[in-house]
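Lettered A, B, C, D and E in written order, each chain numbered from 1.
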Amino acid sequence: MAEVRLEGITKSFGGKTVVKDLNLTVEDREFLTLVGPSGCGKSTTLRMICGLERATGGDIYFDGKPVSWLPANKRDVAMVFQSYALYPHKTVGQNIGFALKMMRVPKATIAEQVLKAARTLDIEDLLDRKPRELSGGQRQRVALGRAIVREAGAYLLDEPLSNLDAQLRVLMRAEIKRLHVDVARTFIYVTHDQVEAMTMSDRIAVMRDGVVQQCATPEEIYERPANRFVASFMGSPPMNFVTGELQDVDGVRMFRSTATGAVGRGRNQALSQEVTLYGGEGPADGKVVLGVRPEDVSLSQTPLPGYRPGKVFVAEPLGPDVLVTVRLDGELVKARVPTPFRLGYDSTVHVGFNQDRLHLFNASDGQALQAPTREERP
Amino acid sequence: MSVIEARRPWSDTAKAYALNAPAMIVIALLVAYPIVYSFWVSLQRNNLKRPRAKRFIGLENYRSLLTDDAFLSALRVSALFVLVVLGFTVVLALILALVLNERFRGRGLLLSLALLPWAMPGVVNGLMWRTIFDAKTGALNGLLSQLGLIDTYHAWLTSGTGAFFFTAMAQVWNTLPFSVIILLAGLSTIPSELYDAAKVDRAGAFQRFGQVALPWLLHPLLIVLILETMNAFRAFDTIYVLTGGGPGDATTTIALLDVQTVLTFTDFGLGSAYAWVITAITLLISIGYIGLLYRKGNFEV
Amino acid sequence: MTVKVPLRYRIPWKKIVLYVLAIGFALYLVLPFYWIVAMSFMHEVDAISVPPHWIPSSPTLENYLGFVNPSESQALVGGRANEETPYSLRNSLIVATCTAVLNLALATFAAYSFSRLKFKGSQVLLVLYLITRMVPGIAIIIPFYLLMRSFGLLDTYLALILSYTTFALPITIWILKDFFRSVPRELEEAARVDRCGWFRTMWSVFLPVAAPGLVAAGVFAFMTAWNEFMFALFLTSTKAAKTIPVVAANFATDFNTQFTVMAAAGVLAVVPPLLLALIFQRKLVQGMAAGSVKG
Amino acid sequence: SSGDDAGGASDGTVKFEGWDYEANLVQQNLDRFRQQNSIKVDYTPITSAQYVQKVVAEFTGGGGPDALYVYDDSLAAWVEGGYLQPLDGMAGVDDVYAGIFPGNAEAMTYQGKKYGLPYYTDSNSLTYNAGILAKAGITKPPASLEELEAQALKIKNAGILEYPIGLPAQLSDTWWSWVWALVHGSNGNFFGTDQAPIMNSTDTVVKDVFAWLQQAANKSKVLDPASLQLLPVPVDNAMKAERYAYTIGARYAARDYNDPAKSKAAGMIKLALIPSLDGGVHGTVSNTRMYALAQDTDVKDNAFKLVTYLGGLDADKKPYTAKFWFMQRGLGFAYKSMAADPEVTASLKKFADPVVYAKLAEIARPRNVLTVPWYTEFEAELHKVVQQVLSNQTTPSAAVASLEQTATTLKKKFS
Amino acid sequence: MAEVRLEGITKSFGGKTVVKDLNLTVEDREFLTLVGPSGCGKSTTLRMICGLERATGGDIYFDGKPVSWLPANKRDVAMVFQSYALYPHKTVGQNIGFALKMMRVPKATIAEQVLKAARTLDIEDLLDRKPRELSGGQRQRVALGRAIVREAGAYLLDEPLSNLDAQLRVLMRAEIKRLHVDVARTFIYVTHDQVEAMTMSDRIAVMRDGVVQQCATPEEIYERPANRFVASFMGSPPMNFVTGELQDVDGVRMFRSTATGAVGRGRNQALSQEVTLYGGEGPADGKVVLGVRPEDVSLSQTPLPGYRPGKVFVAEPLGPDVLVTVRLDGELVKARVPTPFRLGYDSTVHVGFNQDRLHLFNASDGQALQAPTREERP
């Protein structure tokens, strides 16, 4: 089994619709990541694909065949539950080997496979414990183990690494990726970790309130977000937004900040060149939102051409980088600059935007107006 | 090394016994004496009809059981009765509990119905089945003949096997609810996500039952087995009203014999010995169940 | 858009099996009882007619009226059973309710210790509890009678409540300990952190979550008390404490008993606990700890 | 004694227990007693099936009544158990004993002492539905068992009834009078005068009666197999509903059977002597129910007054209560004088032929083993064996052999 | 209540010791974060502080008073459970308000506080739901709500944000920080998120196998890790390690890579200057491990002084940065460089280490030998 297609899937819980008219095709062997704010319907979507929840409307196809009526145990999917759902009366080993047992795999083979999976997950000395006696992260690894040990047509993983430490998470990420390559099956993955989403996925589907906002490759999502929500959701710290409007000045399209009428003016030329709109003319009222990611904001102690002065509001060390929030023309703009950053609060700093990487959104509906093209450099 | 300021809490063992104290006191106050007394009596020749012949005879009562035909026959009947009643009860109860654990229209109604036989005192149960099995006017005869399954009315309880079977069925009807409720309450504590997980692990309905529900149910099942065994061994009211132990001694269970010995023949010594044999047998069986199931079902969520 | 569902799945087998079983069980459970309900509204002649009238042809309340007003038509039936029936229902209700409550109170403590504490002798104690229940009542009825007499409790509710409590207690403990076990420990811990003492934790968090078990155990204790016959017979003698099985037995053995009156008494004996069960029925199937812990 | 029971001796209340037959009538009668004597009576009716057990438990526990009903079956055991006190020498007792039938007096006497005043007595008759017999062209009740079977077969073959004979043969019933009636009716017995079993040796009647029963139940199939699950009440109902032509039971039942308010067969029910193996008239069985005084009563005087009121003669030397029962319910009486009482005879005529009624009383004998301590055990075994005979699980000879074996064992055990 | 002190705390589960001789003092009003690999004993430690688990050995003091025997309900602590432990029979609102109810706070006040907390957590429209009707992240927020709504002497939070999306996590981080300032109480926080640990904590305690490895300020942990474990654990992607030995060359202490004898040779001078060892002479056998963080590795397409050539092994985009793994003298070295990075696999790239930020560890026991000092710059 391979391609998973959702057609007009809707799910309501007693009147409250949590997934709305979802259309999504996950290609054969694709690694698709579902991201979105808490409660947006990711788990519900997975559960519907899995067959644990019946969609209120719409249909699900596996390889073109409708499966809406197929019970979960006939759908040939593996799943890691967000809540683990370990069998409390079975040992770790039995938990992991259960699916194999159900497939009547010989005992010796099961033992072998379980041991292999447990090694991968670094829980081989816990095999005889009951879930009750495990730490949170260990439980999560057992839950993951249950999925990776078996062959399935599709693998659904609901935040499988959320309770693991960074090191382990990197390892597990690699293992999951490897599994994906090895078994060459469809993976649908839910995560809140941007790095995971960006590094592992073939495509990312960004959901919001049960509606898919954009489904595209990680680069595309990051660099050409379809709307303001996607832009702000993907990327941490999130994109800076400045509201304003487009004006044609001397035949050149320019952005004017509502707060001060200022941003972009310092480098009129540059900005006006960039404003090439997708699909025509931009919003009728000209009201737009300009977005720029913190890493595309540069700071300088000394004035530079095109930089505007602001005041340091707060600086948060992130390890390799520092996240500096600057008060600029009455708006707060975050910049991510390399460590160390030693300017005190309220000291003056000069702020510059990377003109190649500005995003424009329709102010009324948040749709992207313009996709920045990125300068190619090594 | 440290100054312990807060009162040192009790150890688990102390706490446990403190928690058990009320129950133990009530039980000790009320049944310890009767139990010891009855055991003591079982070591006596003690027939109320002959108070002057009363004396301590050690294990004589027990020894006499070995050659007591009435006892041996009753023991056989009881064993068979327990087997039949327990088998039917557990299987039916499991199925019914599983049905009730599903969501469907009318579940509440069915659940209430499932409680119904429980609310029926054994005496009333016996009476009810007596009117149903009645050879002249019984509803069973009426129903079967109206359905065309029988030509003439049958006297269901007049053959040995018939009486045994129908008595067992009446007993099953009466004791079913307890098992259903215990198993159902057990089933309802199983987190649904475990079923979800098992479904994803490709377990079919039967495997989900065997691999998820059953292990979870082992302890409730243990109670059901113990109590139903105990009940079947002591089944009295229903049988008494229905057949009185007949025809002949086809349904004379050990409990019936014991009640007769104690209350009708007023032979307390022998009757107590019967009772203690019943106790020993049910205890042995129970310990067998416990040995089989307790550990396997012992896990924490 | 419509999807062609394979035939195998178009037929809702599960639903069919479910409903077939449900209806089968419903009939099995209700038919015998229905028969005595129907009989209780019949005249004696209809009740013993051949072939049987499944529906009372000329329904009558006569059989019931005898309980309310014993001097009426059925006065001759069942000795004093008629007049005692309403009292015995009251007595049974009081005795059974008190038994259930007392039982739950005592058993909760004990069961908690078995489900949460690791202690020496726990298994032995559990089996000991069982043993006290395994000695058949017939063996202890005389000493029990002596005991109650020495407490001066003969023919009182208390004698019955106490004896039924000791009957039901061991099993109640066993039942509860299992349900308590399936309450996630974390819930209790959370309550402790939320500043609940042990009692408060039990009352506000633990017991509500264990409600299905409590209901099951409570119903068990209630029914044990409701149905018990032999001890009730020996420990009571007047309508002040006689319970319904004792009175019902009068109908069973009295020389003049009519089927229909017996049936009416039987129906009355079944209805109160059934109503009670209906009230608690929902609690019994509520899921226990769904969504409360992760793991 | 009611010594430490609430109420108790202080105000002289008499604690009185009886099985629950017509408890309301009993209470009515007791109210009258109270008005006359200003003695309070605390009356507790007890389910008849459990009467013996409960009273035994109470006496054992020390909480027995002051006065009570006693079955002749239980008398010996209860005297041996020390529950009852003899009435010898008490006021009016000798008068009572002089005025009753000897069989009843015998039944209330144990080891030479008088323990009871009579409540009621009755003897068994063959009770038949003359209407059904007539339909089959039968005009006379059978004198012999053979005849009974033949008549029943005729009724059966005429398609009137499938099973013309019904008997209460359910185990939970404790008193199978009809077996004794049949044995006495053919002049047989289970035991000799020394209470040694004779049913398998010198007396062949038991075996022959068993053989007849087996034949009637299984060969000619005139005896209803459902008898095995019938208690007396359903048999009564069947008689009233004309579903049986014959049964064997207490005479007083005929009053009920002939009550048009209750019975379809009213007016058709007749009493006959017990048919015998040889067709001769030999006897039937009688039983006696009595009032007795507890050994340990603290209110002996009051209790005795009560017992006298109920079972003895009143100031006019009349058995008030005995007559009360006969008039109310047709219960048989032990007093010879009552047979001549015009009120009684008038009432009797309404439901039975006084000649047959009197003849039955005359030839009735109590069971001669009531005084052995193991009587209850034997009676229980007898029921089992008869059931086995009826359901063809054993042969008559095996049945009597096993019965005798049981009796011998019991006798040894209790010696 | 304020200062929490653990003295020689040990915890064993049936023979297996999971916390060993733990000594830790959390100051009054301090925000201490516990980090460590999955299963290292973090939750167990919190549970002991809370009073839910009895320590096998050692004592716990609150404000100098021993509390080892005090039950949890008398310890006046609030806790967020890793497994949530929501009351399944209570609504979200009742769950959050339960502790207040226990303190006999008036109903109106409870309602108000609960609403306030729910607003903060963005779950105000879920107040009437039961836990089973919530998504994973929503449940976690309820668990968090239960703690933040109440006043307590100490707040123990066990991975309270693990199931939240990045945006929400940033918000919640700020809220928790704010709460910490507002209530001015001791906070003990468990997280696997480096950013959380670094940004929120006054101090971080790094645990491993039940033993605290280092307890210090975030900067200190990051810049002067006490041993190789801390160095590798804190920082994602983790530090690069090169094994080798110290040699005195011409009186100058130098590092020589075991694999090639190469690293550091290009800039002998620089390295030799830096090797000032703590506590004397360094390991007797001279065997050491050199550590350098990926962000302290620079890449250049063109040769630069002090840079050595390597081959691109793999490049993983992280959004703002790219993680480039370079095969350098037979070892794999990771470098974190700004997006975009467009060199293909196996192309040659020149690798330079930031000489100011090298770490040296004793090869045998992993203890740090040298703490780099950081150049101060804005």
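The working rule: contacts are C-beta pairs under 8 Å (C-beta built on N, C-alpha and C of every residue); 3 or more make two chains touch, one makes a residue touch a chain.
None of these values were measured; they are calculated from a predicted model.
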item	value
Third chains touching both chain C and chain A	B, E
Among all chain pairs, the one with the most C-beta contacts	B-C
Chain located farthest away, centre of chain A as origin (C-alpha)	D
Between chain C and chain B, distance of the C-alpha-averaged centres to the nearest whole Å	15
Cα-centroid distance, chain B relative to chain D, in whole angstrom	38
Separation of mean Cα positions, chain B and chain A [Å, integer]	59
Cα-centroid distance, chain A relative to chain D, in whole angstrom	94
Shared-contact residues (touching 2 or more other chains) in chain E	71, 82-83, 133-134, 136
Residues within chain C bordering two or more other chains	48, 141-142, 184, 249, 252, 287-290, 294-295
Sequence positions of chain B contacting 2 or more other chains	136, 191, 193, 216, 241, 263, 300-301
Contact set on chain B toward chain D in their complex	47-51, 130, 133-136, 152, 155, 157-160, 240-249, 252, 260, 263-266
In the complex, chain D residues that touch chain B	50, 52-53, 56-57, 60, 76-77, 80-82, 162, 170-174, 224-226, 228-230, 234, 238, 243, 373, 376-377, 380, 383-385, 387-388, 390-391, 393-394, 414
Complex contacts: residues of chain C adjacent to chain B	14-15, 18-19, 21-22, 25-26, 28-30, 32-33, 35-36, 39, 47-52, 105-107, 109-110, 112-114, 117-123, 125, 127, 129-144, 147, 162-163, 165-166, 169-171, 173-175, 177-179, 181-185, 212-213, 215-216, 219-220, 223, 226-230, 244-245, 248-249, 251-252, 259, 262-263, 265-266, 269-274, 277-278, 281-282, 284-290
Of chain E, residues touching chain C in the complex	47, 50-52, 71-73, 76-79, 81-89, 98-99, 102-103, 130-134, 136, 139, 146, 150
Chain D residues within the chain C interface of the complex	5-6, 20-24, 27, 44-50, 54, 57-58, 60-63, 232-233, 237, 241
